[in-house]
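Structure incoming, see below.
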Amino acid sequence: MSAALAFDLLIIAALVWSAARALTVADLFRGVVLFIVFGLLMALAWARLGAPDIALAEAAIGAGLTGALLLDAVGHLRAKREPEA
Amino acid sequence: MSLVEGASLALLIAGAAFFFAGTVGLLRFPDVYTRLHALAKADNLGLGLVVLGLLLRAPGWATGIKLVLIWLLALLASATVGFLIARRARRHGIAPWRAGDRE
Amino acid sequence: MKLTLATVRAVLWRSALFAVLWWALTDGRPDSWGVGSVSVAFATTVSIYLLPPVNTYVSRIGLLRFLVFFIVQSLRGGAQVAGFALRPRMGLRPGFHEIDLRLPEGIGRVLLANTLSLLPGTLSVELQGNRLCLHVLDERAPTETEVRAAESRLADLLGLTLHTTG
Amino acid sequence: MRRVLPVAIVALAALFGVALAAAMLELPPHAVRLPDDVAANIAASGVAHPITAVLLNFRGYDTLLEIAVLLLALFGVLALVKPHAARAAHPAHPLLQTLARLLAPLMVLVAGYLLWVGAIAPGGAFQAGAVLAAAGVLLRLAGLLPAWVAPTLLLRVGLALGLLVFVAVAAAVLGHATLLTYPPALAGGLILMVEAALTLSIGLTLAALYLASTEVRP
Amino acid sequence: MSVGLLYALAGAALFAIGLAGLLALPHLLRKILAFNILGSGAFLILVGLGQRDGSVDPVPQAMVLTGIVVAIAATALALALARQLLERTGRMQLPEDRADAETDDA
Amino acid sequence: MNLTLTLAVFLLLNLLVALIRVARGPTPADRLLAALLFGTTGVAILLLLADAMSQTAFIDAALVFALLAAISGAAFARRAWREEVPDDESR
């Protein structure tokens, strides 16, 4: 198996796995972390697909905005809850 | 293989090794503070060596400066983020693991 | 903002730095300078606004010495962590270590906290006033001496004078 | 019933995915070769990078509508923010502040670079705008940017600038040809102008979306 | 099988996962994550199919670029709406989903 | 045999192993550390891909990655992992 194919298969497996786990894990914060990881993996996938434009956009938005927005929302949600044990 | 190519390869492999060490540290170290140590140091050295290895193959000065800039940015980011998280952890009253404690 | 000598010097230095970076980013293409000059001007303006120039002098020899010190120590730091991580019995002796800084208030302390996070065995955990709390990987290591060494290098670099603690 | 419904949904979605995959495997070769069309017309587009040519010349409508969608989303978020409910910036630790003060100018520079490079290589207004917005997010996190209260006039102009310049350019060349078809001789310069305005607009809108949507209070 | 087709198939899987999540999960934040995953799947299908014969096609890439920016705008708006709902009702779930929601808001 | 690509595969594998930390926790910070590791390693992978696929544009993507790497961490420390003490604004 060539290194390129190995890379593609790993990326795809990780993408599908992190997407599925992000939606199914019990802890919401864990889901958000997995989603951030998913976004970073997407940037690598775009690079492998020969789409550097999209890789750039995904890197900028995935690392800069999505993460900040979602983490903010989780913090807001936690603050609304009773103080945790 | 020329000398430069060989050196570049060696540096790249050494960099990957430090990334590996960082991952092992992240998994083995006992608490959040020690894991931050692993992240901040092994990774930056890993990225530093990878950058150095690619620097030897860089086509010109411009690419070289870009690569070094990337490394510096990663250093700055990881030092600051490490500090922020460690500070928050201490504020939350997370006690550091002491020798003799169980993980 | 008052137009002082410090401001003029800062503007010149910073735009020169950004121009070099622009040159590197665009691979030295000459037709990029139309957009480039505007970008450099914007970046310099934002930089001056966010980091108002102060009368600090960056010593060139100090910078060189600091860089060498930093690179050597980074290598040591990475090697040390890798050593701990890969050894079968890790032998960590972590703990907190508080220390009073001799550097004056300002960028110096911030830089020191960041530098220490990248140096072997130490991770900055809290910086309040002149009190810095570190997390160390090995309590038996001579943390105090290492911090003082880094502190003097930084003071040399920025032309700052160290206070005596007491 | 409660447990049955999700299982049914998952099964149906899985079925859908399999059908989609099967359809893709059965797909005949391309009937139309769009890359050839792009390659044939790129000389007239005013830029050398095919994706920028598609975004701003061949399929300019998409981009025009996109910036309108962005503004619409911002209006939606702003409608949820009670005026003056926003709090003043809560300053962060000096370390984070220093990071933001050092990085924000670099982000501006890199945004400029991405804007410029879009004409010849990967990059362009979207990426540049996203990096610009990231600078806003970082400054906000460092407590250096006040929370969103109400957009000042200058900010409003900045927000709408992309759309306005785009429409103005489209109108100006309307007499020449159909909508959003630039005269080849001017295309390069016009696209750069539109892109610069777009970058500013996208950056401000995305940053404003972050600032406002994190400030929603009843 | 070309790289493009491989990623397009992965896109189909992601689309299905996102679709299932969007419909089946009660918590709004999860729905937003699912929506983004669904979108990413669609983008992968677009670009992957566009270059399944190995050549790079700029048209779907340009469309996806537009799509990504629209997706983030939609996400921000959705999050703001979800917060508003949290303020009003104290929960991040749609009223009709509340009856059968029991586990998801850890 | 493309060595830089092989190294990229190795780093990717490495990264996926690190995801175990997301599952193990125990604190939210521990979980986030894996995502932060993705930042630096992602930069390295992109740089290696740039070399392997001779796409200089990936260096720009890596630059953007490195430039924005701090945001998730800062957002986490400032917004997501708040003090557990409920103050007036969080009611």
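Which chain is which? They are A, B, C, D, E and F, in the order written, and residues in each are numbered from 1.
As a working rule, a contact is a pair of C-beta atoms (placed from the backbone, for glycine too) under 8 Å apart; a residue touches a chain by one contact, two chains touch by 3 or more.
The structure displayed is predicted, hence computed values, not measured ones.
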item: Count of contact steps on the shortest path from chain B to chain C; value: 1
item: Per Cα centroids, the chain farthest from chain A; value: C
item: Contact-richer chain pair (by C-beta pairs counted) among D-F and D-E; value: D-E
item: Between chain C and chain D, centroid-to-centroid distance (C-alpha), Å; value: 34
item: Centroid distance [mean C-alpha coordinates] between chain F and chain A, Å; value: 10
item: Separation of mean Cα positions, chain E and chain A [Å, integer]; value: 12
item: Chain centre separation (chain B, chain E; CA means) in Å; value: 32
item: Residues of chain E whose C-beta touches two or more other chains; value: 13, 17, 56, 61-62, 65, 68-69, 72, 76, 79, 83
item: Contacts with 2+ other chains: residues of chain B; value: 22, 36, 44, 46, 63, 66, 69, 73, 76-78, 80, 83-84, 87
item: Residues of chain D engaged with two or more neighbouring chains; value: 51, 93, 95-96, 98-99, 102-103, 106, 110, 113-114, 117, 122-124, 126-127, 130-131, 134, 137, 141, 206, 210, 213-214
item: Chain B to chain C touching residues, read off their complex; value: 17-18, 21-22, 24-25, 28-31, 33-34, 36-38, 40-42, 44-46, 48, 60-66, 69, 75-76, 78-80, 82-83, 86-87, 90, 96-99
item: Chain A partner contacts - residues on chain F that touch it in the complex; value: 1-2, 5-6, 8-9, 12-13, 16, 19, 22-23, 25, 28, 31-32, 34-35, 38-39, 42, 45-46, 49, 53, 55, 57-58, 60-61, 64-65, 68-69, 71-72, 75-76, 79-82, 84-86, 89-91
item: Interface residues, chain E side, partner chain A - complex; value: 3-4, 6-7, 10, 13-14, 17-18, 21, 25, 27, 29-30, 33-34, 36-37, 40, 43-44, 47-48, 51, 56, 61-62, 64-65, 68-69, 72, 75-76, 79, 82-83, 86, 90, 92, 103, 105-106
item: Complex contact set, residues of chain F against chain B; value: 3-4, 7, 10-11, 14-15, 17-18, 20-21, 27, 29-30, 32-34, 36-37, 39-41, 43-44, 47-48, 51, 56, 59, 62-63, 66-67, 69-70, 73-74, 76-78, 81, 83-84
item: For the chain B and chain D complex, residues of the former touching the latter; value: 73, 76-77, 80, 83-84, 87
